[in-house]
Structures are given as C-alpha cells and as structure tokens.
Amino acid sequence: MTTVAFIGLGNMGAPMAANLLKNGFGVRVFDLVPATVSTLAAQGAEPCSSAIVAAQDAAIVISMLPEGRHAKALYLGDEKGAGLITQIHRDSLLIDCSTIDADSARAIAAAADARGMAFVDAPVSGGTAGAIAATLTFICGGSESAVARAKPVLQAMGRNIFHAGPAGSGQIAKICNNMLLGVLMAGTCEALSLGIDNGLDPAVLSDIIKASSGGNWTLEKYNPCPGVMAGVPASNDYKGGFMVDLMVKDLGLATQAALSTRSAMPMGALARNLFVHHAKQGHGHEDFSSLFCQYRPKSN
Amino acid sequence: MTTVAFIGLGNMGAPMAANLLKNGFGVRVFDLVPATVSTLAAQGAEPCSSAIVAAQDAAIVISMLPEGRHAKALYLGDEKGAGLITQIHRDSLLIDCSTIDADSARAIAAAADARGMAFVDAPVSGGTAGAIAATLTFICGGSESAVARAKPVLQAMGRNIFHAGPAGSGQIAKICNNMLLGVLMAGTCEALSLGIDNGLDPAVLSDIIKASSGGNWTLEKYNPCPGVMAGVPASNDYKGGFMVDLMVKDLGLATQAALSTRSAMPMGALARNLFVHHAKQGHGHEDFSSLFCQYRPKSN
Amino acid sequence: MTTVAFIGLGNMGAPMAANLLKNGFGVRVFDLVPATVSTLAAQGAEPCSSAIVAAQDAAIVISMLPEGRHAKALYLGDEKGAGLITQIHRDSLLIDCSTIDADSARAIAAAADARGMAFVDAPVSGGTAGAIAATLTFICGGSESAVARAKPVLQAMGRNIFHAGPAGSGQIAKICNNMLLGVLMAGTCEALSLGIDNGLDPAVLSDIIKASSGGNWTLEKYNPCPGVMAGVPASNDYKGGFMVDLMVKDLGLATQAALSTRSAMPMGALARNLFVHHAKQGHGHEDFSSLFCQYRPKSN
Amino acid sequence: MTTVAFIGLGNMGAPMAANLLKNGFGVRVFDLVPATVSTLAAQGAEPCSSAIVAAQDAAIVISMLPEGRHAKALYLGDEKGAGLITQIHRDSLLIDCSTIDADSARAIAAAADARGMAFVDAPVSGGTAGAIAATLTFICGGSESAVARAKPVLQAMGRNIFHAGPAGSGQIAKICNNMLLGVLMAGTCEALSLGIDNGLDPAVLSDIIKASSGGNWTLEKYNPCPGVMAGVPASNDYKGGFMVDLMVKDLGLATQAALSTRSAMPMGALARNLFVHHAKQGHGHEDFSSLFCQYRPKSN
C-alpha cells in the first residue's frame, strides 16, 4: 500500500484525498484548518500535526494550495521554517496540484531538482464536481519518469492525464488554456448579445455558430445566455460553476507569465480587465459566464 | 426547369453559378466584367447585357456582390437607374448571397416586403473551395416560406442550410459567427505564443487545449502555428485560405452592427484593430491565421 | 441687418439662436417642437412653419440637429420632400453646427458644392454652458472664403473658431478630439484608481501627474475622482457636464470614420466599449467622468 | 562635506553622480562594470571595490539600478551575500532612484524600517538629457523626515521633487504617470492617424486638439507625427528619446501593480500590448512615439 501525504484539504483537496482513500492508498493529511483534518480522519486518513510530519513517512506528497506563495512556503520554506524539499527523503515524489504562477512552479522544480528529488506540477481542471467524481483532468509538467511515477495516484483522482513538458509546463499549459477560455467566454457573450440586439434568437444563433467556424467549448458545454442550455450556471442564476474571482485569478496568472517572458497577450489582457470590472460591480462570486450580464441592459 | 438569374460572377459567384448549371438549372448571368460572363456562357449559361435583362425572365434571382452599396444599387437602384425590386415580377424569389452590412440587408428586405416580394439574405461560409465543391454553408434570413422556396437552389451549391430568422438575420448570424471567429483566432494565436515563450511545444499544447475548455474551431481545423497541422495555410507560408483583408471586412461589418444597435463588443473591436494593424504592416493578402506572426519576434 | 435661419432649437440651438438675437441678427426659426419656436419668438425671432420657409429669405442658414440622418434630410431631402440645397438661393451660406458622422457631412458638402453653394460644417464644443455664455468653440470645415463668411455669425455665439480644412474637416477634427478625450478620461480614471488601490492620495497623485508627462486636459479641468477638484461633475454626484450617452455617440462617430477609412483605432474602440458597458449598467445620463466608478469596488 | 555612496553608474547613474561631484559632495562609487567606475574616478569620485565598501563610510547611499531584483539584492542581500540594510550604519539615509516594481520597493522599505533606517524610493523622470543637465524630476516615497533629509542631495541632480506618500509611493506614482503616458501616446497616435486618413493636416489637427479637450503632454512636447514638431524624436527618425523597450518595461510594472492589487487597467493593458507588438516587429530601440508607424500603411 503506497502512502500519500495530502497537504491542503479545501473544496478541491478534501474530495481528492477521499478518492485516494477509496482507491486503497494510505493517506496522511494536514491542513491549517483542523476541522478539515478531522473530516478526512473520519473517512480513514491519518491526521498529522504539520505538513512535514505528514510528508516524512510518505512515498508521495500531494499538495493542493491556493497560491504560489503557499506552495513556495511548503516546499522551499519561509521565515517560519524550512521547506519539505530539505526535510524529507530524497526519493519521495512531490506532486503539486495547485494552480499557481509559472515562476513559483519553476522555482520549486529547480530546488527539487537541485536536491535530486522528483517533482511534478499537476494543476487540474474539472472543478469540485470533477474532484468528487474523480473525473479531473491533470496537466503535468516534469520529467518522463516523474510523470510516469505520478500516473497511478493521479488516476485514482481523475480521468485524463496530459504531459505538457518539463517541470513548470503543467502550470503554463493550464494557464494558456484558461486564458483562452476567458477569451472564448467573453467573445461568445458578445457574439450572442450582438445577435440578440439585432433580433436573433440566441438558441438558434448558438446552434448556427456551434456548427460553424465560431464553434468553441463555451457554446458546446457552457452557454452563457440564460435559457439556452439546461443544467448550466446561466440557467441557474449563475450559481455554481467556476467563479468570476477564480477566472480573474487565472487571467492574472497568465498576465504574470506574459510579463515574465515579455509576451503580447492583448485579448487575454482585455478579458482579464472585463472580468475585473465585472467583479468590482459585485459579481465576483457568481459563475464566470455571468459576464454575459455586462452586455445586457440592466433591468430595474 | 427553373431559371435562375445569377448576378456577380467573381471568385465565389462563378463556381456557384457553374454548380447550378451542373444541377440542371437554367442560368442567366450578368457581371460588370464581360470576360466572366463569357466563361459562364461557355459552360452553358445565357449571357445577359444587364442585371435587369437577366432577372426579367427568371423565377429566382441570386446575387453575389462585394459590399452593401452594390447590393443596394442592384435591388433598390441608384442614380444610374431603378432597382430590380421595382422592375421584375412580384413573384420572383430574390436571394442575396453577398456578405454585407445588416442595415443594407434590412433595407433591401423592407423594400421587397413593401412590394410583396420574397427576399432571402443567404450569406455563405466555406470559401472558394466550398463554392467549387458545392459544400458551402448558407445562413438564411427570411420568412419560413421564402427560405423553403430557396432551399432547392441553395442545395445545388452547398451542404448546410441554416434558417437564422426573419429577413436580415442571415447577415447578422454570419457577422456574429465571423466576429467570434476573429476573436478565437486572435486568442488562440496568443495562447500558443505564450506557451512557446514559456518553453512548451505548440503541438503538445494544442492537443491539451483541444481536449480542454479552451477548445475551439481554429485549434480543430486551422491551427495558426506553422508546422502543427498539415494542409492549413499556417503550414504553407500563410497562402490561400481566408485573407486578412476579408477578416478586416467582416469585423468591420460586426462593428457597424454594434454601432447601429449601440451594443458593446470589446473583444471583437480589439480583434478588428489587431487585424488592421497586421494588414497595415503589409499582410492584408495573407491568410488570417498569419496574425500569429504579430506575436512572434521578427526574424531577420 | 443679416438674416439668419436657425433650424433646430434644442438645448444647444435655443441659446445659440438667442445669442444671435442679442447681437442684432434677424433670426427666423424652425423646430419640429412648436413650443421651442414660441420661446424664441417671444425673444424676438420670426417663427416659421417649416425649415424651407425659414431658409428662403435668409442670407445664412444654421442648423443644430441630433444626427447625420436629420442633417441629410434637411439639406438633401428625404421621402417627405426636397432638401434645402435645391430649394433656396444659391448664394445662401449654409452652416451645420450639428455633430454628425463625417460621411454625412461630406455628402452634404458635395451636394452643396455641386450646386455652387457655400457650406461649412462647424461642430461645437463647450456644452450648454458655452452655448448660453456665447463661449463655444467652433471647428470648421469648408473653403477659406466660406469659413471667412461664417466667422462673424459664429463669433456672435462663441469664442474660438478653428479652420480644420475643406468641407467635412470640422466633423473629422471634432471626432478626433472627442475620441482622444474619451481615451484620456478612461486612462486617467485607471491611473488614479491604480494609485488609490496602492495607497496614494488621489489629489497628491493628480498634482504629480499634472506636472509630469501624464498631464492632460481631464486632470487640468475635469478630475474624475470625487473630492479632488471643486466645481466638476465628479464632486457633484456626476450630475451635469457631458453625458455618458453623448460620449458613446461621439466614440461611435469616430468608430464609423475609422471603418470608413479602414483605420486602426484600438484605444478609442476600447474606450467606446468601456463607456457602453457603463451605460448598460444604467449610467448613461451621468457625466462621462463617472466611468471612474467602474474602477472602484461597488459600495453596498 | 556630505559623503554619498553612488551604486550603479549606467547612462543615468553616471551623470547623476557627476552632478553630485560638481555640487561639492564627496562621492564613493561602485558598479559591476569597472570602466564606469574609472570614468567617475577621473572626475574626482572615490572608486570602491564593492557596494558595501562604498556605503560603509557614507552618510547617504544612492542607487540607480535596472530592476527590482537588483535593488533587492543590493539592500536585502541574495545568495552571494548580505544586503546593505544589515551591513551599514543605522543612521545612513538610503535613496533608491531606480524605477522598479512597487512590491520590491515596499519590501526594501519594510526591511529598512524594521532596522530603523530611513529609506526613500525616488524614481526619476527626465531621461539622460535631464540627468546630464541636472533637471530631473524625483517622485519620492518615504516619511516626511526622510524625504526632507533627501532633498538637498536630490536638488543637486534635479529640479522638481515631489513627495507622493509613504515608502513605495514614489514608485507607484511614477508607474501611474508612465502608464498614463503610454495611454496618451497611443491615443494621440491614433487620433492623428485617423485625422490624416480622413484628409486632415496633422499639424492643423494637433493645434486644434491642443487647444481643446484632447490636449495632453504628448501633443505639447512630443508630437509623434514626423514633421509636425521640431526637435522631437518623430522628426529625427524616432532616434533618441525614450525607448519602446523602456515603455514596455514601465507598462509591465504598472501591470504588475494592478495584478498585485487586483485593479482594472484595460487601457494601460492594451497600451502595453500595442507597444509589445511594436517591439516584436523590431522597433524596441526606437523612441516610443514610433508607435505612430503601426497606424500608418507600411511604405515599401
């Protein structure tokens, strides 16, 4: 039985760790919030008093944290103490499933590499629903051998596992994808809204575009116009789904990557700013397809 | 045998008229360029000395013209003479396949309606290849009965026939689609370019995004990065395909529609301006996926 | 005593006509709203039953109308009747003070020119306050001689008179200025907002930028941040001033001009879309500096 | 005689240090490039073998470095050694004149404050010409007392000294100003270009806008259209002035600040991307007003 240390038991981490238990892994858990540790312990996990305690006797460490600074503190240390990379067995496999900035991912990867440790960045897509159903997609960065070692444990939590390239590449690929998703959503909102303003039925227009060169994931799976598609946030008052605030975060990560490589990213930058304006108007906790409302006259 | 008058025998119109001949329609043709009339006559069409002459004895009139002002001159007349709508049988069916601004399409439709004539705006997608192969997509606006009457003749030239709504809706739906296509292309260029700048292989990244929430038509059919996909303009020095200048035209039509209804269209507007900047640098005649080059360092 | 026909007696036109009366001009007035005609008649103007009646015995015709289609109907005619250009003395001087699209201005100028009539497009800036105080700025397009003939009557209503170039140039210059104003305002809003978000006092920051390379008219005269400058709309709940809806109109005119010459205008296009989004949220009747609120967290 | 340590003797730092010598300060200099140290030594400065050696016997330390990471290494230390803040007298005054990201400036300020040292961030504007002529503008962040102590030495190198707020505020204010400058320049380029495309003389249009609500610093001092204004880069093949690459850097710093505070900055973000596209086409070393060329048809 492989033992996995799981650090970070939030909305995503908790169901992911639970799926490891269901698949027969031994799981040692830690989170700054004690209640989340207790919940996992009740499901059979071993509660630990710190990340290092959790990691010391585990073959694999998985982390699921909010931002780059948290991941850097965990692996590289901070003013409160040393990081995992210098504290645990060299032959542990480190897997960071957080979505963080590429520079932080590369810094962690470089430090792990310097000590001869295998590190995989493996950000996910699929949301909390995918985390619960074990249908997540993992986009991995790391050496061929490290990603091969990571596969069995990732397969217990998800369905598709991509290998994007060397360490850090998982973050980059996810950032590129989500930046493009932000662009697709904003573009689709305005195409549908332009059609409505000019007398078209958004459902008919959606069908035409889906079958034409404007076809894209948001029209297939996530139509932003209320009433066009059943079971999506747009048809449920924009509740659930992927929050505007998280799209702002991901577009911010893409912007940071573009700054760091001096890349042009005009469409992604504009999408970020449209979502920030939307969040400032009080919509940060709604699903990101609610950007559609920015294009419609306010009814009141 | 139904007789069709075909007005406008350019790169698109000529092969469309030829497909009508192949399908057994009688075809009466006119174009301002005599040589194009002769070419069609050699294939069996009846050459005519003016649009009105061509239209007078035809059950159906089809036009394929560059811009709204040409279509308005044809149907509504101009300082040189009266338009078709007042000159031919009331029971003729008028089909304009040009891609023009919605206001012009609506003006023509209103005039036809006022005289009790059936008018369908039926802009196409599929390019010259689709025109030759009779695989065009037609996006129609008009009454149910008018579109039903148009179907047999359109099926001789294409494969998919959509009914977007009342007269003018065909243009609007096409404009919305092509505006979104411009956004998808620009967004895809920058997602791939950001990945490359950060060390990813564009083919691997394309595969990941295609299978994820950034998936869209340009990644499926028209990858803008040279060498990723065979048989697309990007892998042929951006020759062939859909010219930057035509994308600029279509994004201009979308902008005009947005002005006319006071709609917001920030992403489409930015896409238009990126393509105009690209055209100004001398790339107007390249395929529109060549926008990708704006994101890459100039090699010289 | 020179007799002037004044067509269009709205918020701008009425005080402009009144200033002509005060300066000793004979003024013949017409407007579609009878009450506005009566008000001017009470001040000494000659009320007329139509634009043509007003214009027939006048040496100078001045129009102040909402949009290009109104100006075209007046000068070129429409389905309701012939236009002034074919109905009045060839030696009348025509001055259109409306802010309209350049294409309409050029069409009117061309028709006037064809009949040998002098036409000046002379859009104004300065708002209703300037119209009342006779301190408007006129930006004129037309021949040297036509503009010279227009000067005395314009000076009775304003202070600065610019000659931008041949007919149509007045509209273009005004559109270019107002488009840039929209860009300055949006840019200034976000520079001040970024400073506030990072702990700066907006008054101190405004003083620094005014004295530096970011200095611009909005910081000098029209600071968008409440409390920084006395007597501006920002310090009066964004009441008064220049409405968001009018800025949307002017940015639309600039966009139309850019479409018509296939010019790039990315910053102006983005500014237009930001103002449209702002108007859609219900702020169309506020002063245009209220765009600042889009950058601030909504307080509620 | 006050002794100043000057660290960083590049295009800006060398003439600044020379002006201190001319004003009677004792100057101890260090730079990683030995030749620049020798040049200053020949003018009377004391050459030093390291930054710490230079700083140890100085009452004031001034640094002029390319980026935040260099300033952080100098003051906070890096893997090569400890930083100045822990190595020199507590009563030294630290002045960083580099233009760097606000987060780095705030980190240095916080570390200085923790040790009870006075730190002023004082980025400059005015370019190399201003550095040579001692006419720079300094935008300072720091306590009242620290800025008061810094004034005499800054006055030896410049003319205007602003106090923007607490430590870090100098960087923020400069970033806000330069971001807005990028917006003004892009907006002015497109307003002039739109005018030209529509038949206006750019000199006439510039005069009109300067006197109207579109007036801004770039039209006053730095017209981007060749031939309109004498003595500016636009009239000298875009040589000299402020490089596109530096504008890209400053717009990047503004973007970073906006990310760090989750601020909206759509106009600044678009300006950054237009300048990056321009740089990618090979114009990074030209003056930033050369963005104007992106709007004009390429002549060849």
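When the chains are written out, they are named A, B, C and D in that same order, and each has its own residue count from 1.
Simple rule for what comes next: a residue touches a chain if its C-beta (ideal position, glycine included) is under 8 Å from a C-beta of that chain, and two chains touch if they have at least 3 such contacts.
Just so we're clear, the structure is a prediction, and the values are computed from it rather than from any experiment.
S.K.: By label order, what chains touch chain B and chain D together?
M.R.: Both chain B and chain D are touched by A, C, going by the contact rule given at the top.
S.K.: Looking at CA centres, what chain is most distant from chain C?
M.R.: Between chain C and the rest, the longest centre separation is with A.
S.K.: Does A-B or B-C have more contacting C-beta pairs?
M.R.: Result of the comparison of A-B and B-C: A-B.
S.K.: Can you work out the whole-Å distance between the CA centroids of chain A and chain C?
M.R.: 50
S.K.: Approximately how many whole Å separate the CA-defined centres of chain B and chain C?
M.R.: Centres of chain B and chain C (C-alpha means) sit 37 Å apart.
S.K.: Rounded to the nearest whole Å, what is the centre-to-centre distance of chain A and chain B, using the mean of the C-alpha atoms as each centre?
M.R.: About 39 Å separates the centre of chain A from that of chain B.
S.K.: Would you give the residues of chain A that are in contact with at least 2 other chains, written as numbers and ranges?
M.R.: In chain A, residues 262-266, 270, 274, 277, 280, 294-295 touch at least two other chains, as defined above.
S.K.: Considering the complex alone, what residue numbers of chain A touch chain B?
M.R.: Listed in rising order, the residues of chain A that touch chain B are 102, 125, 137, 139, 160, 162-166, 168-169, 172-173, 175-181, 183-184, 186-188, 190-195, 197-201, 204-205, 207-209, 211-218, 220-222, 254, 257-258, 261-268, 270-271, 274, 294-295.
S.K.: Applying the document's contact rule, which stretches of chain B touch chain C when the two form their complex?
M.R.: Of all residues in chain B, those touching chain C are 248, 252, 255-256, 259, 262-266, 269-270, 272-274, 276-277, 279-280.
S.K.: Please name which positions on chain A make contact with chain C in the complex.
M.R.: Residue positions touching the partner: 270, 274, 277, 280-282, 294-298, 300.
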